[in-house]
Amino acid sequence: MFSLTVRDHMMIAHSFNGDIFGPAQGLHGATYVVDVTFERHELDENDLIVDIGLASDVLKDVLSEFNMKNLDDLPEFHGRNTTTEFMAKVVFDRMADAIHTGRLGAEGKGIAGIKVTLGESHLAWASYHAGI
Amino acid sequence: MFSLTVRDHMMIAHSFNGDIFGPAQGLHGATYVVDVTFERHELDENDLIVDIGLASDVLKDVLSEFNMKNLDDLPEFHGRNTTTEFMAKVVFDRMADAIHTGRLGAEGKGIAGIKVTLGESHLAWASYHAGI
Amino acid sequence: MFSLTVRDHMMIAHSFNGDIFGPAQGLHGATYVVDVTFERHELDENDLIVDIGLASDVLKDVLSEFNMKNLDDLPEFHGRNTTTEFMAKVVFDRMADAIHTGRLGAEGKGIAGIKVTLGESHLAWASYHAGI
Amino acid sequence: MFSLTVRDHMMIAHSFNGDIFGPAQGLHGATYVVDVTFERHELDENDLIVDIGLASDVLKDVLSEFNMKNLDDLPEFHGRNTTTEFMAKVVFDRMADAIHTGRLGAEGKGIAGIKVTLGESHLAWASYHAGI
Amino acid sequence: MFSLTVRDHMMIAHSFNGDIFGPAQGLHGATYVVDVTFERHELDENDLIVDIGLASDVLKDVLSEFNMKNLDDLPEFHGRNTTTEFMAKVVFDRMADAIHTGRLGAEGKGIAGIKVTLGESHLAWASYHAGI
Amino acid sequence: MFSLTVRDHMMIAHSFNGDIFGPAQGLHGATYVVDVTFERHELDENDLIVDIGLASDVLKDVLSEFNMKNLDDLPEFHGRNTTTEFMAKVVFDRMADAIHTGRLGAEGKGIAGIKVTLGESHLAWASYHAGI
């Protein structure tokens, strides 16, 4: 399997609900360093997995929905905890949708799977990985 | 698949047996930067893979058995070489046992697999990865 | 000159005032990876710059004042922008005070200077560095 | 599954063919930080996945074929684009061949799979991963 | 002293003249990860060292002169070796000029010094650091 | 000021004397990732700070004196604690001596200062920096 990863980041505020979160129940924030890995069984006719410039642009566009925001303000997330692992799945879903709607080009439809990793610090990170 | 990784480290002394180890047959040491990845098919009711604070505490407790020790002194390892890959499996076994005995909480029992990676330098690292 | 650095982190929310900040005028957040460097002309009688365990504990205590908080709620910062460079100076001042009041031990008073670096992402970081 | 990774690098020039590459159609270059991961179901009698010194030597030898070269000059690559993902597969094939011909020793034949990752910058990297 | 660093990169081809360079006398290439540090004695009225967005844009513009190029083709460098340390000074000079001509804004003129670091691999990097 | 840094590492065992060291009084070990920075006011006639290949070779040679050893066995260190900061100075002294005796070539004598940093983990590192 071939894979290609591009990196970007977003800086968000949020709070969590539930005793298990302790002090993280208060409003705080995070820088998420976001790595998106595109998987493909064979390279395309240009010897590429995906156009890296296009992939980076689509990722930046996806993250702009959350970057510099308070996630508590987004109706989509009401009733959920926007943990690192939860947000990895959110970015995964946005990227998968971008592929299905052709935003990564005709060749982008050859992508077999995606892995999204969000690093919250030098000590912890979370991923969501699945076929698409 | 969702996954969450936490990082800690341990500093140990040891020596190896066998000509293949060359100068590493003498007593020397290593800092192992230890990454433990917890895998889970679905998030729990708090939108978590595992309580990250609890996971970090259990990892620190597991590593305290080896940290600041000479591994050659531990009877459990007599007759074995405590290579990076060998120790990755040792930490894996300890973490899997912690899950099975409930030290990561009731929700921790939803964990489907673990990967343990020990970084011995900027040039080499080793892992053990399996379902539990 | 000898120097020793210890690393920790804090996760905060905040917002900025001023057109220059663009979208960062809204409430957002950051993980700051915090490196504190202690400088000393000569090692102490134990061949140390500072007791690394004590230095780490004091740093964690200093950061606990901000970690998991919305900096906009702290009266001390009213009328200021809690930029990365501003917060580097805030942590510097807290650490310098800890040294002066003996929280790093009698030997800690031999420290000649401190540098505090806050990493806000893989692309940007800021420092404050001065003698004490 | 056990795995062991060793890191080295190569510095190459090349150019690409195809409008999709934009300015990368001109002659430019890259440092590829190369990570080779060896996978094995069980450790050998020395508690090793592979002799790490031998693996590092073989990797350096494989990379010497490309390091400090203009890849456009190598007949093997005529008509192909030597993208990061393409070169990951090239290094994979060389390493797999080294194992099959015994250059990683008799025990090296126990290796079940390899993953080769080429990092082209702090923002992008590509891999090829397969059984051997 | 306050300092703020921003990171970008460029991918170039080049060759060197002189026996000391060995195989690097042939055409090869490098990814340079470029860190530019801006130093300032006091923060400006916005609590900033420099507008980080503007600094990143100016850096990208400076690097675009070299990115995806063969440095051997640039008349400015004829008769010189475009080593990592040499290119650090070149980027320094471009950034200093950008400050002097006001491209970092009126406040940018408060910058007291710059350090430019070019990372050529995980094993080597070079800097040029001076007042401006 | 120009500077060039090269990285290598060593893996050692040791123990410390003094209550302040707590569990580190027992025999344990460390991987030290060693960065040596060479400083020079002007580049030499080849546009170099120092021959990077030669500098790497000399560093490896210096570290071979300690790598894969128990530092407690070396008479030179009797009565001292081989802390990270202490060992940074030891490596500094060896590198300075290598320059003075011409092992970095005639041009190496133009080096004005050295900084040696030893990283003991992802959380702590120590340096010694001085003119030579």
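Just so it is clear, A, B, C, D, E and F label the chains in written order, and each chain counts residues from 1 on its own.
Please note the rule applied: contacts are C-beta pairs under 8 Å (C-beta built on N, C-alpha and C of every residue); 3 or more make two chains touch, one makes a residue touch a chain.
Everything numeric in this text was worked out from a predicted model, so none of it was measured.
The fewest steps needed to get from subunit D to subunit F, moving only between touching chains, is 2.
Looking at which positions face the partner, subunit B and subunit D present mostly different ones, since fewer than half of the interface numbers are shared. Superposing the C-alpha atoms of subunit B onto those of subunit E requires a rotation of 180 degrees, given to the nearest 5.
Chain pair C-E has a twin interface among D-E, E-F or B-F; that twin, with over half of the contact pairs alike by residue number, is E-F. Using CA-based centroids throughout, the chain positioned farthest away from subunit F is A. Chain centres here are Cα means. That of subunit A falls 30 Å from that of subunit C.
Between subunit A and subunit E, the centres computed from C-alpha atoms are 31 Å apart. Among the residues of subunit D, those in touch with two or more other chains are 7, 122-123. Remark: subunit D residues 16, 18, 20-22, 80-86, 88-89, 122-130 touch subunit A in the complex.
Considering their complex, residues 7, 9, 11-14, 23-24, 26-31, 33, 67-70, 120-123 of subunit F touch subunit B. By the touch criterion given at the top, residues 1-8, 43, 46-49, 51-53, 56 of subunit F touch subunit E in their complex.
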